Amino acid sequence: MDNEKKVLTCINCPVGCRMEVTLSPEGAFLSVSGNTCPRGAAYARQECTQPLRTVTAVLPVTGSSVPLSVKTSAPIPKEKIAELMEVLADITVSAPVTLGDVIIPDVLHTGADLVATRSVYTG
Amino acid sequence: MNQAVFSSVPESDPFFSDVLIVGAGITGTALARELSRYEVSVTVLDRGPDVAAGATKANSGIVHAGYDAAPGTKKAYYNVRGAAMYESLCAELCVPFRRCGALVIGFDAADAAVLEDLLARGRRNGVEGLSVISGEEARAMEPALNPDVACALSVPCSAIVSPYELAFALADDAALNGVRFVFSRCAVSAGRDENGWDIGTASGETFRAKVFINCAGAGGADLHNLISSERLSMTHRRGQYYLLDRMTDLPFSRTIFQCPSALGKGVLISPTVHGNLLLGPNAEDVPDPLDTATTAEGLSFVLSRARRTWPQASTRFNITNFAGLRAHLDAGDFVIGRVSGVPGAFEAIGIESPGLSSAPAIAADLAADVATYLKLKKKADIIPFPPRPKPFCEMTDDERASAVRKDPAYGNIICRCETVTEAEIRSAIRRPVGARTVDGVKRRTRAGMGRCQGGFCSPRVAQILSEETGIPLPEITKDGGESRLLCDSVSSFLKGGAEHE
Amino acid sequence: MSENFAETSLDLVVIGAGPAGLAAAIAARETGISSMLVLERESEPGGILRQCIHNGFGLHRFKEELTGPEYAQRDIDRARELAIPMECGTTVLSVSRDRVITCVSPVSGFRRIRAKAVVLAMGCRERPRGALCTPGTRCAGIYSAGTAQRFVNLEGWMPGRRVVILGSGDIGLIMARRMTLQGAKVLACVEIMPYSSGLNRNIVQCLEDYGIPLYLSHTVTDIRGRERLTGVTVAKVDENRNPIPGTGIDFDCDTLLLSCGLIPENELSQGAGVLLSPATSGAVVSERLETSVPGIFACGNVLHVHDLVDHVSAESTRAGQAAASYIRNGPAPAASRPVLDGSGVRGTVPQQVSTSPEEDVSFMFRPSAVYRNAAAVAVCGGRELARKKAMIFTPGEMAVLTVKKEAFESLPDGEITVSIEQPEGR
């Protein structure tokens, strides 16, 4: 069997380099070209092994009409996103919240926390 | 009743009144106001969620001079008399009205002959100030006109108005003086006994009245045919429009009509009272009396015809399109007065163009007729129409400062494009026949009619509506019925899971 | 004079406390200007970033990826640190040619402010359906993507369940992901051009990640639904962007989001007599971001629609510094050298350059088509001032070409033309 070639777009920064990755017949990452920085190469490797994504969402806040915007502190496995949203469906946060507060530590055992990205004050 | 009922006079039986008017468009509201001067109880039903829900909100806004209607017709009679009432009526009701004048343009000898005919017709109908002028004279008045314009009919008395703002003011005045308005009620049955009428609605209610008046617009013929063996046939003639952005220098200061020809009445271009520019309408018959969709073909037709008047016509500054349905009776004229052979029933139907212009005169005559029939006495005291405060957008700096000092809600600009304040929006909801929908706020205040078309203000308007009416935010509608803006809170929606598909 | 309101005089007024206004105010303050006021119509500063809860902001400026609110907070915190006077919930009603501003707020009432310098930082609005003349009914459920974003992210309400998005600009792409994450079904993203105007990364992480199909060279040709939207028709378009009959696909949906372009919000600018450029719909400015009206500066999305907020901050910093310099030193010499859009280029800013710029000048522009392995070039009187090659130039990404200030030395009179040179024979 031959190696497989795939085209990927890097999502690390707004440039969005178009890269070509070479995979082994078993699908293992072999090499990448077209990236303009090392982060791109790292992304390509990760994407072919276990795609990760940063997730952002909003949570309702008792004590405020403005919802709380949150994010995962690091990218989490893409396949866990749906499960994460299910977890978030049951969460309500109480004001006050400070930007950076950890809402859920080590969410879904990914090693990433769910953190507040804005401060919400009471009233 | 579960829907809001608008009236300043509490009634013991909300389903009974001396007079029941079906239709809260320009005709029904003008009539309601006239009748409110008599000692008589009046209820107005409308199948829509608000006043002016039908053609009244979707027309050219022109108060025609009256040269177009054939002499001897009701259209001619009521157009001229109605137009003469407009200026003082609008002043009294604080409704924007401007006598901007009009030109009917022609390109060749055939058109010139038509213009002469319109001139003669106009004079016969009693229109003053008409004259036929040359193409050069027309272009001196309106430099943006097609250079090929060879002749024109000058109509100095032609005017523009905000048709729905007038209907709202008429309704407020009527409600202030005891008229009850009930919305989202479609009349589907009408029976009569010695005591009067039973009008049944699609929602299963029955409204009783001694006298029943059909001002039902697009539904007028169907309603007539429920009670009369002399069947009327109506065609719903849709007209589509472009509405261009406000500009300090509009290309035209007058309404520009095209010469009626074998191809039809022609597409007009007109400034609006608020400084926008209107292009349209076309005319196409549609089978569905609720079909006010715009179409690619219709809009394309309007634009290409508009270019005949204004070669530079472009949709670059278009902010919205809309369409309205003309209630055209196949016999071609208004049908106004007592329904022949049916005691206790009156009607004003087939009120297509020049219906807007005619409405005040139609209402005066019809009210007098009903008063005679019921032997009504005039009221000793009328609650006078309270002068409407100047819109914030028109105020001077000094006036603005005073307004905000008295009411801080004037300091909260909700609609940035049209400079409409929170105070005015709350006012629009608290009026005698107040807004209950986002579009109801829009048409009363202009919030959402500007170049961003509600992109910025509609969340805020919805919030204010919810606060003022107690209707929960997810139940606030754009224009009644099922037109809810939102479906659910973010968290409830997420919990709902797979049910969404 | 019977005026019954306060009139004050300040050195600097900044209109807008989004990233542009904040950066300009901070920059002016850091040069020592203290008589100043930032006016913001929302209840809190941060501008549009408040509702951009996704990440991707700040990679150039902070070397880390932040969400919109986090990026805004950096500037808000700095502004607070510097004790920059700021009033929220205040709407500016007018700006005059001689820099008199009227504004209103429920708390402070109506005020008139005379300013020595003004920075316009009002941002932009979205193109509505009317600008596209899309036929059909006018039902509920049609939103600009930004309005939907406000509902979801700032008000906590879902606008609908089954969504079609018209326009593949970044806002549309971001909302495709947003709505999907929050439980809605996004059926399609429809784009009239043969390429997306959004960032590539967003195509991947907003559409491909969620299996949302992208229909290029398509547009919405009909909208149905009497009261609330029930469906739309999407059709292919030809090279003139006209719908091709018979190619219509019907979608059952209750929500249509429009992401069809942003328009700088220059109503106040026009009132001040500021000259606008038809190519950008923003002010014509010099490299110091000064408009045609002396003492009035413009920066951020109100000047031209940006893709990266980092560029907004950098540009607005320059505007704040220039405004401060104007206040202290009076008018700078007029920027008399015109800058023209050459082939492949649209909306170059600045549109005018001084004879001797004090710093390097960064020209920002939009490629008018997709160019691969091409070069952006600035030329004056036959002399090449700068050249930059790139793998790809695309209308969805604003390009920057920097000309070193030395390149302006002994430059003959005449205009500078910025263009894209395509590679030969490939």
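We call the chains A, B and C, going by the order they appear; numbering starts again at 1 in every chain.
Operating definition for what follows: a contact is a pair of C-beta atoms (placed from the backbone, for glycine too) under 8 Å apart; a residue touches a chain by one contact, two chains touch by 3 or more.
This is a predicted model, so every value here is computed, not measured.
The greatest centre-to-centre gap from subunit A, using C-alpha centroids, is found for B.
Comparing each chain's Cα centroid with the centroid of every protein Cα atom identifies chain C as the most central.
The leading chain pair by number of C-beta pairs in contact is B-C.
Distance from the subunit A centre to the subunit C centre is 26 Å, each centre being the mean of its Cα atoms. Chain geometry summary: the mean Cα position of subunit A and that of subunit B are 53 Å apart. In this assembly, the C-alpha centroid of subunit B lies 38 Å from the C-alpha centroid of subunit C.
Across the assembly, subunit C contributes 152, 155-156, 182-183 as residues in contact with two or more other chains. Of all residues in subunit B, those touching 2 or more other chains are 489-491, 494, 497, listed in ascending order. Taken residue by residue, subunit A touches two or more other chains at 58, 60, 67, 85, whereas all remaining positions touch fewer. Partner subunit C is touched in their complex by these residues of subunit B: 242-243, 290, 292-296, 298-299, 315, 318-322, 397-398, 400-402, 404-405, 408-413, 416-417, 419, 422, 451-456, 458-459, 463, 473-474, 477-491, 493-494, 496-497, 500-501.
Of all residues in subunit B, those touching subunit A in their complex are 489-491, 494-495, 497.
Taken together, the subunit A residues at the contact with subunit B in this complex read 58-60, 67, 85-86, 88-90, 92. Those residues of subunit C that touch subunit B in the shared complex are 2-5, 41, 89, 91, 93, 102, 104-110, 112, 125-126, 128-131, 133, 135-140, 143-144, 146-147, 150-152, 155-162, 182-185, 221, 223-224, 226-228, 243, 254, 265, 267. Within the complex formed with subunit A, the subunit C residues making contact are 50, 53-56, 59, 65-67, 69-70, 73, 152-156, 181-183, 199-201, 203-205, 209, 307-308, 391, 397.
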